[in-house]
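You will see two complexes here that share chain A, one where it goes with chain B and one where it goes with chain C.
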Partner chain A sequence: MRYQIASGHSIDDVLCAISRGRVVYALEPSDAGQYHLVRAETWQPGTSTLGSFRPVEPLKSLVFRPREFLGQVGGNGEQPAMPERIMIGVKNCDLSALRIHDHVMLKTEPADPLYAEAREKTILVSCDCTDCLEVCFCPVVGEQPHAKEGFDINVSPTPKGYVIETGSERGARVLEAARDLLQPAGDALVQERDKSRAAMYQRVVDQAAAKGLRPGMDFKKAISKSFESKLWEDFAEDCVECGACNFCCCTCHCFLLADGRGASGAPERVKLWDSCLFKNFARVAGGANMRPHRAERLLNRFDKKFNFFPDVLKTYACDGCGRCVEACTGKIDIRDVLKRAVDEA
Partner chain B sequence: MDKPRVAIFDFACCEGCQLQIVNLEEELLDVLTLIQPVEWREALSDQSDTYDIAIVEGSITRPEDEEKLREIRAPAAILIALGACATMGGINKLKNNFAMDEVRAEVYGKDGSMPHLNTLPTRALDEVVKVDLKIHGCPINNREFAYILRCLALGKTPAIPNYPVCVECKMRGTVCRYEYNEICLGPVTRAGCNAPCPSAGFWCFGCRGYVDDPNVQAAREVMEHYGKTMDDLKSRLLLFGSGQEPTS
Partner chain C sequence: MKPDLYMPVPARIEAVIEETPNIKTFSVRPAEAMSFEAGQFIELTVPGVGEAPFTPSSSPAVKDHMEITIMRAGRVTDKLHSLAPGAEVGLRGPLGQRYPIESFRGREVVIVGGGVGLAPLRALLFALLQEVSSFKKIIIRYGAKTPRDIVFRDAVAKKWDQGDALDVLVTVDRGDDTWTGPVGVVTAILDEKNLRCDPKNGVAVVCGPPIMMKFATVALLKRGYPPESIYLSMEKNMSCGVGKCGHCRIGTQYACKDGPVFTYGSIQSVPKIWE
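Right, the complex of A and B next:
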């Protein structure tokens, strides 16, 4: 169902209404011209924003947290129940990435109860991109800078007003709280939205073209034929194994179960983000390491994203958010890697 | 089961790492439920020649040190090098950039040639005897020390990070020191400290030594990207990295 805001009301009124009684996660602009994903508690007009492109922090950090408590020996290992949360301003790259996490954490037995709880408790309000970063390239990997599915509520800013759309039963229930502020969207406004979306899509396509990439390129074929290529050695030369590309990636989901000591002193087991670029990532019992060389580890990252996931889920495990390009200490650009793989295939 | 007997010894160093153990305070009592210290000059008046674990701080700089270290090693089932001086020679290795008579004259003036002031190029413990485990850092992180001792008492292999400090900066959300036009050793230095220096506004000094397989080429690219040279990087490496081999 599509709505527009009734006259006399603002988008802030709507967002305040639907977020009341829930912990709010929202975007805030940073001094560096980016957005940060922050826990805002309540929607704060003037500070909280829908954001015109994705934030520095990936959405996954709300549902697959960097450090999660699993259990404890003795003592009170009970964790407080997660409160109802609402994340406002999700961009499509992050939203779409949850298909990967859902597959890994929920659809593959046994399901991860922590992830299931976080997904269940987090209402997702997405928002179309109205601008992009230089590193954005989502159309190249089959995505687009607006959400098609997976959201509870989607907000589309257009020059003539907002289109607000529900994407789930839950979203419809949540939007009930703003019923008095909304009216069904007029066709003209929806057409305006589609025009804005098409223009934004074309803009990201054009900027990706400047890096030699275009929608429909067959990265699966390119990566599956690249195993003997020197390209991995060449790019791995710049890798310092800082793990930033994995941590900021909207789809990366590998984790490490680690034993440690909790705040109370009792032994505890935690789940931590892990990185496939780390030398010890593929080390197994007995000390053998299946990927001792950096180039093998870099290839593995691309193989999994562009070859393995198309096999198991018919999708690339990359949404073109470009965070890895920004975060890489060694300045490895995923677009350059893909371009070279395609050129060599 | 008897608690393992632990003896702590020191060579050329500031003994700050031993002090870090004492600084565990309340947690130290917890650690003492697992081990039995039998020699520890900074905290105990007892001495003993029978122990299971020898923890050795400091680096080997005098002819007599070498003999003493071999004596310490002999009865120990496990020998742990404690802190940068022991694991890689530490700041003491700055000396190795000069001739030994020059060093003696610099420190002791005209008395430098007296026989009891004889000195050798600095060596880390593993350049003299077999070292089973290294606890990195200058000073050590005492939480990591407690963690490692617990692992040994439980018969587990302690997980000591084999990735660079950059990882911990990223995890903490610390802005890269290179973005502040500084030279930081994080990209080649072993993590495990939780990056306290970059997070407090200082570049990484490299006190935990290199990761197993530092990507020197990548470090070069990072330097180039930020308009620095490898000589800039090497000047930073002098402090802890003089004559340092990749650690393990």
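Right, the complex of A and C next:
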């Protein structure tokens, strides 16, 4: 169901109404011209924003947290329930990335109980991109800068007002709280939305074209033929194994179960984000390592994203958010890597 | 909410058997019964130190405790080797897929082990011995570094009390004054002279260090075993054990979830599987 905001009300009124009584995650502009994903007690007009492109922090950090406490070894393991949360301003790259996490954490049985709870407790309000960063390239990997599915509620800003759409039964229930502020969306406004979306899509396509990439390129073929290429050694020259590309990635899902002792001295276990660029990621006791060289680990990252996931889930595990481009200490640009692999294939 | 998936069941070490200078067998009793099938593995926790994957070496028919034969090779196993009977540990599992023993019935089974790699094969052997008449023949070819490095030494010497029902041959890389058997790596006793087998109709099951598995596989292929009849234990650094953490990927599969036992045929196209 599509709505527009009734006269005399604002988008802030709507977002305040639907977030009341829930823990709110929203975007806040940063001085560097980016957005940060922050936790707030309420939707704060003037501070909280829907954002015109994705924030620095990936959405996955809310449902697959960087460090999750699993319990005391030998303890009963009971943990406090998570409160209901609403995440406002999700962009499609992050939203769509949940298909990877859902596949790994929920659909690959047995399900991960922490992820299942976080997913269930997190209402997702997505928002079309109305601008992009230079590093954005979502159309190249089959995405687009607006959500098609997976949201509870989607907000589309247009020059003539907002279109607000429900995408799930839960979304419809949540939007009930703003019933008096909304009216069914007029066809003209929906057409305006579609026009804005098409223009934004084309803008990102054109931007990616400047880097030699275009929608429909066969990255699976390119990467699966690249195993013997020197390209991995060339790009790995600049890799410092910091793991930033993995940690900021909207789809990377690898983790490590780590044991230690808590403040009281009791043995504890945590689940931590891990990075396949780290030297010991594949190392086994005794010292054997499937991927002792950086070039092999860099190839592994691309093999997982552009070869493994197409095989097991018929999708790339990359949504073109460009965070790894911004985060890389060695200035390795995923677009350059893909371009070279395609050129060599 | 309880993250049971990743947390172990408390267990107690009941006995410690010294197998070799750096290998011990731990008899472990979990607080709640935990059964496994030959080929499946468990994650053994040393509280506060860490967790590591092992395939039990005891009979899968015994449900109330299990034996785990462990070489001292890293941080967790160092600590394990310092533990005495009574120590509290944790067990998580069973994890992974079992050997498809039903498809071995009516066929000859060749078991090829290297070093501590005989441990998981011992669980398989116990399972096979439960129904020994179902198999045409059971053959064991085992290699250890020196006579002192042979695990389950008494059982090996006595052929698990099976007499001629088991064809057992052991080789060592370096002999000593007492050693009268073959000397050389295990592949040296997979030739026509030392291994009379039926590659077209039989199966071969291999477990050992990566380099040993590589050369044993090459030797078995040369003898005529089809890739689909060679079963390999691909021990990787499984962390979660349930196909989520990403550590033990082999091509499109995970060693923890889809293995740890794979036929050579199912992984031969994956680059660098031996490393």
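What we mean here is this: the second predicted complex is superposed on the first by the 338 of 345 C-alpha atoms of A that agree within 3 Å, B and C clash if a C-alpha of one lies under 4 Å from a C-alpha of the other, contacts with A are read in each partner's own complex, and residues count from 1 in each chain.
Quick note on the criterion: a contact is a pair of C-beta atoms (placed from the backbone, for glycine too) under 8 Å apart; a residue touches a chain by one contact, two chains touch by 3 or more.
Values in this document were obtained by computation on a predicted structure and should not be read as measured data.
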item	value
Partner touching more residues of chain A, whether chain B or chain C	C
Which of chain B and chain C A:279 touches, first, second, both or neither	first
Chain B versus chain C as contact partner of A:243, first or second or both or neither	first
First (chain B), second (chain C), both or neither touched by A:188	neither
First (chain B), second (chain C), both or neither touched by A:1	neither
Touched partner set for A:198, first chain B, second chain C, both or neither	neither
A:172 touches, of chain B and chain C: first, second, both or neither?	neither
Which of chain B and chain C A:260 touches, first, second, both or neither	both
Contact residues common to both interfaces of chain A (with chain B and with chain C)	258-261
Contact set on chain A toward chain B in their complex	66, 236-244, 247-248, 258-261, 265, 273, 275, 278-280, 294, 327, 329-331
Partner chain A, residues of chain B touching it in the complex	27, 30, 146-147, 150, 156, 159, 162-164, 166-167, 169-171, 176, 187-188, 211-213, 215, 217-219, 221-222, 225
Touching residues on chain C, where the partner in the complex is chain A	1-8, 10, 45-52, 71, 73-74, 76-77, 88, 90, 209-210, 235-237, 239-240, 242-249, 251-252, 257, 271-272, 275
Chain A residues within the chain C interface of the complex	68, 70-71, 73-74, 76-79, 81-82, 104-105, 108, 110-114, 117, 227, 253-261, 267-269, 271, 274, 276, 281-286, 288-292, 296, 304, 308, 311-312
